[in-house]
Amino acid sequence: MHDIIYEADTPMGKLFDVILLILILVSIVIVMLESIPKLNEKYADTFYLLEWIITGLFTIEYIARIISIKKPTKYIFSFYGIIDLLSVLPLYLSFFIAGSSALLTVRSLRLLRIFRILKVSRYLGAGNYLKKAISDSREKIAVFLFAVLMMCIISGTLMYIIEGEESGFVSIPVGIYWSIVTLTTVGFGDIAPVTPLGQFIAAVIMIMGYGIIAVPTGIVTSEYSKNLNSKENKVILNTIACYNCNAKKHQDDAKFCHNCGEPLRDD
Amino acid sequence: MHDIIYEADTPMGKLFDVILLILILVSIVIVMLESIPKLNEKYADTFYLLEWIITGLFTIEYIARIISIKKPTKYIFSFYGIIDLLSVLPLYLSFFIAGSSALLTVRSLRLLRIFRILKVSRYLGAGNYLKKAISDSREKIAVFLFAVLMMCIISGTLMYIIEGEESGFVSIPVGIYWSIVTLTTVGFGDIAPVTPLGQFIAAVIMIMGYGIIAVPTGIVTSEYSKNLNSKENKVILNTIACYNCNAKKHQDDAKFCHNCGEPLRDD
Amino acid sequence: MHDIIYEADTPMGKLFDVILLILILVSIVIVMLESIPKLNEKYADTFYLLEWIITGLFTIEYIARIISIKKPTKYIFSFYGIIDLLSVLPLYLSFFIAGSSALLTVRSLRLLRIFRILKVSRYLGAGNYLKKAISDSREKIAVFLFAVLMMCIISGTLMYIIEGEESGFVSIPVGIYWSIVTLTTVGFGDIAPVTPLGQFIAAVIMIMGYGIIAVPTGIVTSEYSKNLNSKENKVILNTIACYNCNAKKHQDDAKFCHNCGEPLRDD
Amino acid sequence: MHDIIYEADTPMGKLFDVILLILILVSIVIVMLESIPKLNEKYADTFYLLEWIITGLFTIEYIARIISIKKPTKYIFSFYGIIDLLSVLPLYLSFFIAGSSALLTVRSLRLLRIFRILKVSRYLGAGNYLKKAISDSREKIAVFLFAVLMMCIISGTLMYIIEGEESGFVSIPVGIYWSIVTLTTVGFGDIAPVTPLGQFIAAVIMIMGYGIIAVPTGIVTSEYSKNLNSKENKVILNTIACYNCNAKKHQDDAKFCHNCGEPLRDD
């Protein structure tokens, strides 16, 4: 059972993952459709029924995952373990507590689980390269984003002083929000400068935003290029998971778990 | 006749392609102008007449393409064969069925055919490098876009909960639409957050969108650079097409089609 | 006189260029200020007087440039020669023809001349690298922009069909305009989709626009990197101009013009 | 005392920096909250009291910094010295002069000081690479931004002529502001072209903006890549500061200040 639920190398394991993926997508679509007033009026009962069926299936999956592993706590307190729990809890809670429909959105997190299926060789490779490139430039991007935020605080305050409440800059936080909207080149236009000086500063912010967008791009491109060229980045393509501690990323010919020493059954 | 219609290496073949290109552009311009109410009232008859003339010429071209090839099915069911058919069908259909003017837009696909003319050496080279760079990073960009979509689903649902219907977030799909508009830094402003918490989350989405735009750029740049530097990418610059199966990309000195074995006449 | 006007290596030549730059900037600022109704009411006479003074000085400069060169036609029909003429003509013409104030904007082109001053060593180097990178990837960017335009035509037509006139998509050209606004991530919001299907297609266009912005970046970065690394790109830092044909980019130790054979006086 | 205030290598130095960082952030948050009318009505007294406490602490810090250095003028007229002074001055001035609340925003500059704490090894390294990449491509980006500005002046004037005051293009400076908004792909939508010709030119500007955003990215990426690959870029990770002249960036094993020759005490 462990092989089917936690790994994707066997036909049964793949089938399990595909069924899970479909269930997740159906569940997400229901959440979306429920939020459309017209559809909810008409099909509220159908949605409710489907919701209970899917939650029931996810509950079974959650229990199966706990049973099929030697050390259940390893799974329960892992990232995906918490998400799995959060994806079934809301409905049960909503049964007891009225008006907790907001919790249903936690189900969106369920989408994160579909990344497990992506652990098919090719996608894993691609995903890992990306993750490594982003992780390697994490600090540099943090420094950059911090500098951007600082620029936004200064320019947001300036705009609040110059434009004032008449133009929609009702407070400094709103000014900072506007600066972020502008510097990232989003530009909603719900707030826009009207005074010549405000427009001049806005123009300066925009040109800066246009110029410095090159910085994160330069960082990620360079790090990504480096990774792409280096031979050291070995990518684990199998989905072997330890029966005991659920550790992943074992070598293809590994016989024992690199984390807890438990023998890996590949028979 | 095959050489003139399918290849662009002879003067006649080039002339044929240029005439075809002009016809396509004229046809596109007519479709555009017809959609402007003022012009359509005035020149409806002229547009209608021109439309029939162009459709007639395209019909002749379509028949000529079928006749001049040994295996017509190879052309008919190819990508361009279907586009060629779709570019003449709408008008004939509209003659029988009233109100099918929507089908006229299929003609826009006709524009895709002008890429054939681009198969002049230089442009082919440039286009192929691009295609190869995009095709090589296809999977990585798919993983990236999937991650972006997931972020949009989560943030769209959050905004729906926080902002609610008063701010225009009438349903989760609309929230997701807004998230995509924001994360891609488009920012229409038709829907914009008004609550402080909503604006804070919007700011986080925008800064993330600003930061992660670097990822696809990094991928494409790296792959493109790799292709540019490698000597393996041989680009076929001629436009030789097999008389039998219409296969392309033959070596310059090829004597037989690499697909069906038919001799290639280059005399 | 030729050295002062056409070259920037001598102190007098530099002074001439700086005075010219200031005159151009003053002239641009006047054009701008004139367009502000409030200021124009107040200072119309001052602006008019200044305008005539500057035009007079530019006329002298234009005549001096023609006199100080052996083959005046070389200058008159060069890019800068035409701009120099266009920068003085409008005012003289406006003296004879009333209501030709639109021509005054031609003066904006005068700004292009300030690039001459940029021909100080460092800036020339930087500018030339850029020019070379853009020029090398010209064809590839043309292919890319053509593909983008084709996507905009198709999606603009689709949006016109789906959204219709109620949402502001009054004609196909307007739909294409909207598509360009969206794909380039500008997003004015003057026109925005309101139907669910329209918003879905808009979301697809936006994500595509977000993804493919990587392509021109990839191209320019690769070409620019290649140029930066190669030793072949020799940059001419002097501003020597031939007395006869006004040819530039002479080697530092050149004795004769590489274009017409005229001796270059460097004494 | 010098070690604690100016360096971050000792536990006490780190503690001092962390307390300072918290004080700065609290101070910034108070400025922000004060600007929200609702909160200011309620908690004006609390904000005022906190403001005086923080200003008091910053005053003590400023005096401590002056005392603990041999040549106080080195600190007083340095970038951070002026910021430190500006961060305490506004409140004292506002005590004497009524209505000078605008000066309070100068405190935002205080945020710049938190970069000192970032001088922890890793962040310093990342920040220095970035600074070097931007500084190396400074001239090229200046040339690029200048070209962009020129395009904006020309297109802004064109739009002013074509669209006129009815569409919101009330003057050339406003037209230029709109051009910058459009070219940088911000697109507020407060001003948008309505005439077909205006929309066509807007489309051209947008596509240009979309295409040329690749240029600064290309420059920064290339320069950054070069720096990343070269071994010459040695990064100083310690925070040793001279007791005499406050010079930084000493070698790890330096015994004397490289600027004034003062012995560096590391005991």
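As written, the chain order gives the labels A, B, C and D, with residue 1 at the start of each chain.
Please note the rule applied: a residue touches a chain if its C-beta (ideal position, glycine included) is under 8 Å from a C-beta of that chain, and two chains touch if they have at least 3 such contacts.
Which protein is which chain? UniProt says A, B, C, D = Ion transporter.
Values in this document were obtained by computation on a predicted structure and should not be read as measured data.
*Asks:* Through what angle, to the nearest 5 degrees, does subunit B (Ion transporter) rotate to match subunit C (Ion transporter) on its C-alpha atoms?
*Replies:* My answer is 90 degrees for the C-alpha fit.
*Asks:* Measuring between Cα centroids, what's the chain most distant from subunit C (Ion transporter)?
*Replies:* A
*Asks:* Once you find the CA centre of subunit A (Ion transporter) and the CA centre of subunit D (Ion transporter), what distance in Å lies between them?
*Replies:* Measuring from centre to centre gives 31 Å for this pair.
*Asks:* Between subunit A (Ion transporter) and subunit C (Ion transporter), what is the gap in Å from one C-alpha centre to the other?
*Replies:* Computed value for the inter-centroid distance: 44 Å.
*Asks:* Among the residues of subunit C (Ion transporter), pick out those that touch two or more other chains and give their numbers.
*Replies:* If we look for residues of subunit C (Ion transporter) contacting two or more partner chains, we find 144, 173, 176, 185-189, 213, 217-219, 221, 225.
*Asks:* Within their complex, state which residues of subunit C (Ion transporter) touch subunit D (Ion transporter).
*Replies:* It is residues 28, 31-32, 34-37, 102, 105, 108-109, 111-112, 118, 122-123, 126-127, 129-130, 133-134, 141, 144-145, 148-149, 173-174, 176-177, 180-181, 183-190, 213, 216-221, 223-225, 228 of subunit C (Ion transporter) that touch subunit D (Ion transporter).
*Asks:* Would you tell me which residues of subunit D (Ion transporter) are touching subunit B (Ion transporter) in their complex?
*Replies:* 185-189, 217, 221
*Asks:* Under the stated contact criterion, what part of subunit A (Ion transporter) meets subunit D (Ion transporter) in this complex?
*Replies:* Within the complex, subunit A (Ion transporter) contacts subunit D (Ion transporter) at residues 139-140, 142-144, 146, 150, 153-154, 157-158, 160-161, 170-173, 175-176, 182, 185-189, 192, 196, 199-200, 202-203, 206-207, 209-211, 213-215, 217-219, 221-222, 225-226.
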